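Following are the structures in question.
Two complexes, one shared chain (chain A), two partners (chain B, chain C).
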Partner chain A sequence: MSMMNSTRSYAEGRARLASFLAALAFFLSAVEYMLPRPVPFMRLGLANLPILLAVDLLPFGSYITLVFVKVLGMSILSGSLFSYVALFSLAGSLASALVMRGLRFVATERRVSYVGLCVAGALASNLAQVALARVFVFGASARYMLPAFLGLGLISGLVLGAFAELFALNSAWLRQAKEDARG
Partner chain B sequence: MDRAQRRERWEGLFPAGRLALTGALLSLVLLFQPSLEGRAVILAAALTAAWLSGRKLSPLLTLLVMAGIVGANLLVPLGRKLASWGPLVITEIALYEGLTKAVTFEALVFISKACLGPNLRLPGPFGAFFASALRTYERILAYKGKIGARSFIADIDAALVAVYGEKLDTMIGEPMDSRSAPASLRGNGYLIATTLLGLASLFIGR
Partner chain C sequence: MKRGKGSDANPAKDPAPSRLERQSIKLRLFDVVIIALALAAFSASALVIYGGPAPSSLVISTDGEDWIYPLNEDRVVQVQGKLGLVTIAIEGGRARFLDSPCQNKLCIGAAPIGVTGDWSACLPSGVFIRVEGDVDEHDEFDAIVR
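Moving on, here comes the complex of A and B:
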């Protein structure tokens, strides 16, 4: 009985952590909205930080649920759910999340840092979005955008990855969350 | 009437769930609309509705995005040559495709802006998870004023530690439905009429 209770409270803890990370993504998205952009349409992708941290915190099911809730929540809050913007966001987030998770599956924290995960995720996200842009918006001209998009993805991946490293080094909350995730 | 007042009136008139359902139906109507003219009419209606809903709109960004989509489609010439402008050749099919995609893109954005808001509640376990995330978001948001640029990481971390430590399963009640019965009836009537008009537009000009 106590084992069942402990399993349930462990699962509840994971669900609570996943919903907390989703809330953090909404919040960071709101923060990013207020920051000036160096280039129009270029976003740092601060809202992806919780997905990046979740690679080491959540089991696969909760991780993917987090991605869907992040996209859905941000689309509802920004009022873009029925537009191509939400579709692009879903494709980019899913591609990025799966690549980061796959990379972590084959390489431990010592071998690949948050910077490496983030750069791989950003490139996967931008590739997926350019592929969708080719189908829905730009047609064959999308190939001209690819180098610029990959370049921006590389820069934003490096910056966000470095920010994540710094955050992970200094965050008392993340230490607590990691302890909770280990059960 | 300013933007906040328009938003309050809009939210008072339409139930969030039915408004979202209408938005989903209108998006489908738009995507199945065969003519560019029909899509342009829906764009104009959606733009008006988004303005009435009190959402923040940026006409300059809208024009830039539409010009970008049309311009990108013109890069690959397709169809009869209409004109040329320096190295850019404007061709008939490429222009039509570009305009159709630009109008569709922006119309979907405005339909979403008009029909979606943070009051929307989703059903089922996924909806419960989503609602829990939104409640936590509101709690973190309360710390927004305490986050400074110079101590960004430390400030965010302090907010996260504080909210993570709270008992998160305390339910915040569902928002009260403040719409009066006549306003609710009127709102439902508008939504049904809009959906029927949208569906009827699919058969016009066939």
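Moving on, here comes the complex of A and C:
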């Protein structure tokens, strides 16, 4: 099937996939916003699911663009777009995205599943935010945030990663999208 | 029914197992390593932060300054945050944000804190509160670290 596609329709398909994942991130941001939080500015990370899937689906440029779109959507929904709180979201999302992508670069699907990717991504995001909080806002007190952020990052990473892995095991759509991405 | 549909649509290409078959997650090498590292980091930080003496005081940090209040006396404290006055209540050995000029009011919605190492914060206001054990001991610890 991919043999029959011209280069152009392949690029179109990829653009459609990128926009679909971005729309999904917007939607999940809205769902996320409705959920209660265990501690202030701590999130489950639902909106990271499209980024997790995109690790294997999008080229690097589109992948990073997706991260920015997700942060934009999230910040608009939570009303923090023009405050420095949006920087925390951006730093966390970028750190997580880069770690997940980097991890996939060194380890194939045989070596690391979505569970490992997602846990590593969640921890990267949370650590980046604690680091930012330490440098710019709370100073040394920020270290008290570590156990909660590490523990909840691990739990949310496991839950979302397991969900993504189960989805991947059963989704014909994702299998096809992965084949297309490999070209 | 779903199974029938799937095989109609893609008869040659999709010998995939039926949806009714249970597929379980298989953890791989890096998964185990990452989870183990995360557990270790969490346990170490939790031991250091929560392993302190019994809760005795509330530390309010704002703009590089620390204000320390005993947890066993009920009171309402106002501090200057980045956006304006932030109100914090100490009541029955626990502390919480009563009011803040921030937009999302996540800090006010957060649970009260009362155990050593517990913290809460208002990010837009830049105000951080935490429960501490014996304060004198902490000062010594800080002095050593510095």
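Rule of thumb we're sticking to: the second predicted complex is superposed on the first by the 160 of 183 C-alpha atoms of A that agree within 3 Å, B and C clash if a C-alpha of one lies under 4 Å from a C-alpha of the other, contacts with A are read in each partner's own complex, and residues count from 1 in each chain.
Here, a residue touches a chain if its C-beta (ideal position, glycine included) is under 8 Å from a C-beta of that chain, and two chains touch if they have at least 3 such contacts.
Computed from a predicted structure; not experimentally measured.
Novice: Aligned on chain A, chain B and chain C: do they clash or fit?
Specialist: On the superposed model, which is not a single observed complex, chain B and chain C clash.
Novice: Thinking of the overlay built on chain A, is A:119 touched by chain B (first), by chain C (second), by both, or by neither?
Specialist: It touches chain C, and chain B stays clear.
Novice: Is A:18 in contact with chain B, with chain C, with both, or with neither (first, second, both, neither)?
Specialist: First partner only.
Novice: When the two structures are overlaid on chain A, which partner does A:166 contact: first (chain B), second (chain C), both, or neither?
Specialist: Once the two structures are laid over each other on A, A:166 reaches both partners.
Novice: In the overlay, answer first, second, both or neither for which of chain B and chain C A:81 touches.
Specialist: In the superposition, A:81 contacts chain B only.
Novice: Looking at the overlay, what does A:65 touch: chain B (first), chain C (second), both, or neither?
Specialist: first
Novice: Let me test your reading of the model: by the given contact rule, A:153 touches which partner, first (chain B), second (chain C), both or neither?
Specialist: It touches chain C, and chain B stays clear.
Novice: A:138 in the overlay: touching chain B, chain C, both, or neither? Say first, second, both or neither.
Specialist: In the superposed model, A:138 contacts both chain B and chain C.
Novice: Just to be sure I follow: which residues of chain A are touched by chain B in one complex and then by chain C in the other one?
Specialist: Looking at chain A, the two contact sets intersect at 40, 79-80, 83, 85, 137-139, 141-142, 144-145, 166, 170, 172.
Novice: Applying the document's contact rule, which stretches of chain B touch chain A when the two form their complex?
Specialist: So the residues of chain B in touch with chain A come to 20, 23-24, 26-27, 55, 64, 69, 72-73, 75-76, 97, 101, 105, 108-109, 111-118, 120, 122, 126, 129-130, 132-137, 139-141, 144, 147, 153-154, 156-157, 160-161, 163-164, 168.
Novice: Quick check: in the complex, which residue numbers of chain A touch chain B?
Specialist: 15-16, 18-20, 22-24, 26-27, 30-31, 40, 65, 68-69, 72-73, 75-77, 79-86, 136-142, 144-145, 166-167, 170-174, 176-177
Novice: Where on chain A is chain C touching in the complex?
Specialist: Going by the criterion above, the answer is residues 36-37, 39-41, 78-80, 83, 85, 88, 103, 107, 110-113, 115-116, 119-120, 123, 133, 137-139, 141-148, 150-151, 153-154, 157-158, 162, 165-166, 169-170, 172, 175.
Novice: Quick one: which bits of chain C touch chain A in the complex? Just the residue numbers, please.
Specialist: On the chain C side, the touching residues are 6, 10, 14, 16, 19, 23, 25-35, 38-39, 41-42, 45-46, 49-50, 59, 61, 64, 66, 103-104, 106-107, 109-110, 117, 119-124, 126, 128, 130.
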